[in-house]
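Before anything else, here's the structure in question.
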Amino acid sequence: MPYVNVKVTKDGVTKEQKEEIIRGVTNLLRDILGKNPQTTVVVIDEVETDNWGIGGETVTIRRAREKKP
Amino acid sequence: MPYVNVKVTKDGVTKEQKEEIIRGVTNLLRDILGKNPQTTVVVIDEVETDNWGIGGETVTIRRAREKKP
Amino acid sequence: MPYVNVKVTKDGVTKEQKEEIIRGVTNLLRDILGKNPQTTVVVIDEVETDNWGIGGETVTIRRAREKKP
Amino acid sequence: MPYVNVKVTKDGVTKEQKEEIIRGVTNLLRDILGKNPQTTVVVIDEVETDNWGIGGETVTIRRAREKKP
Amino acid sequence: MPYVNVKVTKDGVTKEQKEEIIRGVTNLLRDILGKNPQTTVVVIDEVETDNWGIGGETVTIRRAREKKP
Amino acid sequence: MPYVNVKVTKDGVTKEQKEEIIRGVTNLLRDILGKNPQTTVVVIDEVETDNWGIGGETVTIRRAREKKP
């Protein structure tokens, strides 16, 4: 019955990668806690880099700076 | 003062259905807990079927399989 | 497959009220969107009034003030 | 290490405003709780006014009514 | 930079199981999406069975019924 | 109408600090986005250090290690 919410930046995560995340997290909770995969729900949110902040700045700005020589 | 978050798959939920969900949940919390509708907040998230997993697979895959004869 | 999170202040919500909220929200999503109750998940969070803010102040402070003559 | 989720209606919040929110919330948690900005995460969700309810109705309907003379 | 929230029923999950979940989810996002473990945040919420609903009833009631002969 | 959820580790955050966080976040959204404080909701979750992971380990373990000479 677990519910898992995965938030990542919107960076072209593919359909296949989403399937792997969902399968992986579901199996993990079955293996560690014995949770029934049939009622395990996983929801993935993809967040624009303008809307994600870390270290007091957006990921957009942080990445732009890291690219500069 | 309650806050309610409703997550459903993105399947063409109409404006009217959203209004009904918001009204229904708000009235429910008024009737059961005596909560003031004026400060009850309801937020609906519509999630792509690729991003929603149950039973270890995405809803996209699950639905495709169920449609096969 | 919907997932619903209901947050209310921790005010002695009874077991029976929680059952009513869960039943009510589940039926609502069945009636409005045709969602299958068997895979509808509802999670209720009870939040201390010190940890809930509205209007820039905690609910604890707001209620104390409203009680004063 | 704090995690902050800010939900607002989707109303043309600019890139600069998002930067200000992220900087402001991060500084607030540093100043009040001594939290390290480097590991403070802020995620902003912009929600369509059709999907946001208060007072039992959507923000879309509420705003339309308020505009009427 | 991912943020993952895992909600499970409060059933005596041990310290070691929590460590395994956190390590497992973090490694999964590193392996599938190349995410940096140093900035991956995982928060586990343990929810009372009275507060968790599925199939329109609380987990408390569901489990009591399943135990009956 | 914003809704803000602040998650921090459970470390003896005082009543006064919670009040400051709620006031600070509410004022921030008023100043940056012109949001009405009267309908701004802030919910603070305090999470046990065993339940919070970063860098693939719990905060409990991380802190124990950092204290060692």
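Letters A, B, C, D, E and F mark the chains in the order given here, with residues in each chain numbered from 1 onward.
Everything below uses one rule, namely that a residue touches a chain if its C-beta (ideal position, glycine included) is under 8 Å from a C-beta of that chain, and two chains touch if they have at least 3 such contacts.
The structure presented is a predicted model; accordingly, all values stated were derived computationally and were not measured.
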Longest centre-to-centre distance from subunit A, chain (CA-based): C
Chain whose average C-alpha position is farthest from subunit D's own: E
Centre distance in Å when subunit A and subunit F are each reduced to the mean of their C-alpha atoms: 21
For subunit C, residues that touch 2 or more chains besides their own: 1, 3, 7, 21, 25, 39, 41, 43, 52, 54
Touch-based graph of the chains, sorted into line, ring, star, complete or other: other
Interchain contacts, given as pairs of chains that touch: A-B, A-C, A-D, A-E, B-C, B-D, B-F, C-E, C-F, D-E, D-F, E-F
Touching residues on subunit E, where the partner in the complex is subunit D: 1, 3, 39, 41, 43
Subunit B residues within the subunit C interface of the complex: 1-9, 13, 17, 20-21, 24-25, 28-29, 32-33, 35, 39, 52, 54, 59
For the subunit A and subunit B complex, residues of the former touching the latter: 15, 18-19, 21-23, 25-27, 37-46
Subunit E-facing residues of subunit F, complex: 7, 47, 50-58, 60-61
